[in-house]
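The structure under discussion is supplied below as structure tokens; questions concerning it will follow.
Every chain is named by a letter (A, B, C and D) in the order it is written, and numbering of its residues begins at 1.
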Amino acid sequence: MSPLLQVSAVTKRFGGLTAVNAVTFDVAEGEILSVIGPNGAGKSTLFKLISSFLRTTSGQVLFKGERISDLAPHKVAQKGIVRTFQETTIFKNMTVRDNIIVSHHLRSNASLAGYFLGTAAAKSDEAEFGRSADEILGFLGLDEIGGELASNLPQGHLRALGIAIGLATNPSVLLLDEPFAGMNHDETMRTVDLVRGVRQRGITVLLVEHDMPAVMKISDRIVVLNFGEKIAEGTPQQIQNNEKVIEAYLGSEDDAIGI
Amino acid sequence: MSRSKQIIGVAAFLFGVFVLVPLMIKLTGRWDFYYTLTSVALLSIASAGVWLTFYIGRINIGQGAYALVGGYVSAILVVKYGVSFWLTIPLAGLICGCLSILIGLPILRLKGVYFAMVTLVLTEVAKLTALALPITNGAKGISSIPLPGAISIFGLTIIPDFSQLASTKLAFYYLAVTLMVLSYAGLYRLVHSRIGHLCRSLQQNEELASSIGVNISYLRVIAYSVSSFLGGIAGAVFAAISQSIYPSSFQVADSINFMLNCFLGGLGYVFGPMLGTLVLYFGWDLLFTTGKFQLLIYSSLLIALMLALPNGILSLRLFNRKKAEP
Amino acid sequence: MKRRNLLKSMMLAATASTVIGFSSLSALAANETLKIGFVGVTSGPAAAWGISNVRSMQARAEWINEIGGVKIGAKTYNVDIVTFDDQKDPKRAIAGMEKMAQEGIHYVVGPNVDDGAAAVRPVAEQNGIMYFPYAFPKSLYKAPASNAVLGMVANYQSGPAIYKYLKDTKGVKKVAFVAANESDPLSQRDGGVAAAKALGLEVVSGNITYQVDTTDFTPVITPIIRLQPDLLVLSGVAPANAPQLIRSARELGYQGLISTETAQDATVLKEGAGELANGFISVGGASTPEIASDAMKEFVTRYTKMFGEYNDESNTKVYALEYILETLKANPAAMSDVKAFQKTMDTFEAPNPYMKGDAKLKYVGMTSFGQKRQVAVPLVVNVYKDGKFDTLFVAAVD
Amino acid sequence: MEQIIANGLYLGSQYALIALGLTLIFALMNVLNFAHGQMYVLGGFVTYTVYAQLGLPFIVGLLASATTLAVVGALIEKFLFRPVIRKSHREESTMLLAAGIAFFLDAVILLVFGEKQRGVPKIVNGVLNWDFRIIMPYDRILICVLTIFFIAAFIGYMQYSKTGRAMRALAQDKVAAQLMGVNVARYSMIGFALGAMLAGLVGGLLVSITGVNLGMGGPTSIKAFMMVMIGGAGVISGAIAGGLILGMLESVGLSVLSQYGDITYLLIFVSLIIFLAIRPQGLMGKPWG
């Protein structure tokens, strides 16, 4: 069986600077794969390349064998690869529930004209989206705050809302951008459970992260980047014992592996 | 707000503009208000378009360009090709809509002040083009445009020939107000349907919108072309009222006014541009008795209003209860 | 329905304010009031045009009222000038005309530009308003148009006269035109080019334009100077632009003549171009020291006293009001009936108070429009010299 | 050719100085100051009054323009923009305020200074004529030199003074600047005053060449917007580049395209739109939004 998502020799240069250099790895259906690396290792760039928010310089990303790099971001989302953002990127002036409802866009059956005219398809869409939004709110434990304006939410809830927005699109692969950043231990553990729950919904998860303990706990496999290149790939155990990885992390000042 | 209350509101509004206003004018004898209100209605249609572009997060200072194009399309079709005026209203709108797709595709990628400035330049471009083209009759403009003719179906006259009317004031008032009601009903529907929801997602975060699969450039162009459609029909009717169109019939000042109407009424409210237009246009008209101090008083009031209600008149509590953020 | 309430209250307020305005004015004098309207531009970039209108009307009206009003038929009236600023927007101009109709006014001076004059035509004709625009399109004055009366001399009338004079006396052969890229100046340029060609002059440049907001005219003028015309015509030039254009041309070494068919302001020329403007030919304010009567001199004095500074253009612009009042005197039935006014126009003749000798006020325009839809004001062609205008020649239209 | 470049340089330098003030205000407060042109006109009238009416030296007129406008700018920022920015949901709302101020200044200028075109006596007489390759009056050369001097002074001020550095920090990142202890309110006010002062200064300088009239405000604002867009909004080097480019564009365009007459400006505008469509952030700007 071919892997769900293939990252194949993906390279990105900004002027003379190579941010990501010929990175190759596969993501299998149903797994949780994490991309880690010290600051400036090219994680975020890789993340944007996969979701096609940046154009690759060379190499390509394949989804079910089909090239998705350099497509418009919304096309990539249509194919089922959906990214989340860090906490501030939400629809601030909408309620939490509306944030989720609007994110059901990919599940629409009716056309824009249909929505304008209020056709049967549009009505059933809207009813369905409402139901689904409530389900997602329940799944993430956000029922209580569905009516709150998103801009009024505390940080922890914002992160969950980001995931909720991603879930609403009904993706095959969900790309999570540093889901544990800035969280304390309890919050991290809750989010770890949440991500596992996402996987249980049949969604493959690819996450980019800093927080080592959480990554070790949650990932099936881990890809490690340093200076834009892949230096290791394997299960959490394999990574923990990989000398190159240890060296890379010791070399950088602010990150230390483990606790 | 309950549905029945809403219906009563709409009915009262329709009664107001179609029956009460003409009645009041008859009673007070202020016939000049017909034209003032006709202008308000037409300008508020164009402003509604600008408001829609605000709604997708773009500051549009180019509506004058489309109003001008609409006016010319109608005038040229009527004068040179003998097309019925009534047909030219939708045609003017459609041609503006199509034109705006061509123009919008590249420029809608711009954001913030950059988009605003490009649209501002667009108004100037429209004027210069009208001056340069032979079909628009260049600097001489098109004048002596015939009044709208009659429409009849199966021998039944639905709309009388305007040139046979003793006064076209009332006729144009009804025409303008009808178009306004239709435009705002359409806009209201649009904003309160899922499309409005999607538009707001663009307004708030285009990146996120595209990450959830919204084709942002498509939606932007659609919204912009609806906006330009509205500009076009307003321009077409103005050309018919003044029976003339010149390159300077809609200029940068108009484009800016359309934008100001939206700000003044409130960007968060569908009916904001309507109220904004009423206040700005009527305000100027009412102040005409103040002679040379007119502009001074007008601008002072504008500044004061802005200081008191920076989020538009409709942000007043009084209105807020009725029309909460859609 | 708050909006409707708002509308209602606004309408109420409007009615109230007009009523108050009306009563306060009529309380001033025992005479009845004759309202004459003005719709034109008195703010913004083109404010100068409308303001010279309004001020000349106001100065004249105050003078009339001071000496007891104007006697029309059996009654004596005080003249009240009702002004509306259209901001040079044709849509507003229509509103202004509607306001005039509402005030029961049948005689309006303005608008100042082509598009406004064309836009108000339907309203004026429907409401029985005679209006006196300062706009040149012939369609405004030719039948079936009936209610517009050109308030000055059109460029297609003054242009040929000037070119012919310059051709005959100064040997001008090559002419170049430059105009602002706006409706009125462009139309005037096209008229000028046609007139020059008709006279057998060679038009060496006829399509160079500039934006009205240009701050440096050197690049505009440079290509024209290379063609070495004998006469440079600044078509429809705004008083603000004239000195800069003249200055640029002269500083680039241009030696030929410069002229325009619009009225200019001597002070503006003096301040803006100094002695470089010497020799600049323009159409003057319908008056010169040689032809000005005592009435004209008094008018200038009163105007200057009232507003602090005189504007040469007002010599022309005082005429429209005079024509309206004199025609009404000749046929009092015209007070509320413009048809009667139009009938009187064909035969109307009265002494011209502003000119020495036996000059007459009468309507002209048969040659240009096929009907008498123009006020006869003397066509005075001036040449600028050291801060004032000298008369080159005086002519009459038709 | 030399003539075209000389004209372009002359035009470009004055445009650049106008654009600098606008871009400074934009960079600091995200306000598109529609009233910038009116401030320029006000500056022109102040110099006119001081120099032509009162007969004081030209330089006194310039100083008077600069101070008047600085005061006006500071007052406008403190009492108008600041409260509106604080209270409004969308920062674009300041556009309505700016437009209102533009109308207001127009009205005041009309009432105080009248509707007529005003000019002042030439500050220097004579014309430089270099073999008919460059013809340029001395007063233009003087104004051009003064303009370039003021641009240089402004850049120096922004680079080396404490205030200038604080304003640059503020323009770059408001939040970071605030954290570093920059008093945002104070420097916004200084910045607005400085921007208005520049407008007044150009007005004062140019009144000696082009004169001044009430109608110049709106078009000047629009031209300044265009320059700022070309160069990139909120960037000082961008404003200078934009001003010079527009100056050159006008000078070259009018010479090259003169036989096409009416469409010169149409072409300039259309190419501007195309340029911005291709390069949305202008030459040197950072993408906005």
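Please note the rule applied: contacts are C-beta pairs under 8 Å (C-beta built on N, C-alpha and C of every residue); 3 or more make two chains touch, one makes a residue touch a chain.
Keep in mind that this is a model prediction, so the values were computed, not measured.
Enquirer: Considering only chains that satisfy the touch condition with chain B, which of them also satisfy it with chain D?
Expert: C
Enquirer: Where the centre of all protein Cα atoms falls, which chain's Cα centre is nearest to that point?
Expert: B
Enquirer: Using each chain's Cα centroid, which is most distant from the centroid of chain C?
Expert: That would be chain A.
Enquirer: Round to the nearest whole Å and give the separation of the Cα centres of chain A and chain C.
Expert: 71
Enquirer: Determine the centre-to-centre distance between chain B and chain C, using the mean Cα coordinates as centres, and give it in whole Å.
Expert: Computed from C-alpha means, the inter-chain centre distance equals 33 Å.
Enquirer: Based only on mean CA positions, could you tell me how far chain A sits from chain D in angstrom?
Expert: 47
Enquirer: Roughly how far is chain C from chain D, going centre to centre by Cα mean, in whole Å?
Expert: Those two chain centres are 34 Å apart.
Enquirer: Tell me, which residues of chain A touch at least two other chains?
Expert: As it turns out, chain A has no residue touching two or more other chains.
Enquirer: Could you list which residues of chain B touch at least two other chains?
Expert: Only 128, 131, 253, 292, 295 qualify.
Enquirer: Using the touch rule from the top of the page, what residues of chain D touch 2 or more other chains?
Expert: 106-107, 110, 218, 222, 262, 265
Enquirer: With touch defined as at the top, which chains are paired up in contact here?
Expert: Pairwise, the chains that meet the contact rule are A-B, B-C, B-D, C-D.
Enquirer: In their complex, what parts of chain A are in touch with chain B?
Expert: So the residues of chain A touching chain B come out as 51, 53, 72-74, 77-78, 82-85, 89-94, 98, 101-103, 105-106, 108, 112, 115-116, 118, 122, 125-126, 165-166, 168-169.
Enquirer: Touching chain A in the complex: which residues of chain B?
Expert: Chain B reaches chain A through residues 189-190, 193-195, 197-198, 200-201, 204-205, 207-208, 210-217, 219, 222, 325.
Enquirer: Which residues, counting only chain B, touch chain D once they are in their complex?
Expert: Answer in residue numbers: 54, 59, 106-107, 109-114, 116-118, 120-122, 124-125, 128-129, 131-132, 252-253, 256, 259-260, 263-264, 267-268, 292-293, 295-296, 298-300, 302-303, 306-307, 310-311.
Enquirer: Would you tell me which residues of chain D are touching chain C in their complex?
Expert: Those residues of chain D that touch chain C are 3-4, 7, 10-11, 14, 52, 106-107, 110, 114-122, 127, 129, 132, 135, 137, 206, 209-211, 213-216, 218-220, 222-223, 250-251, 254-255, 258-262, 264-265.
Enquirer: Which residues of chain D touch chain B once you look at their complex with the stated criterion?
Expert: My answer: residues 26, 32, 34, 80, 83-84, 87-90, 92-93, 95-97, 99-101, 103-104, 106-108, 110-111, 218, 222, 225-226, 228-229, 233, 262-263, 265-266, 269-270, 272-274, 276-278, 280-282, 287-289.
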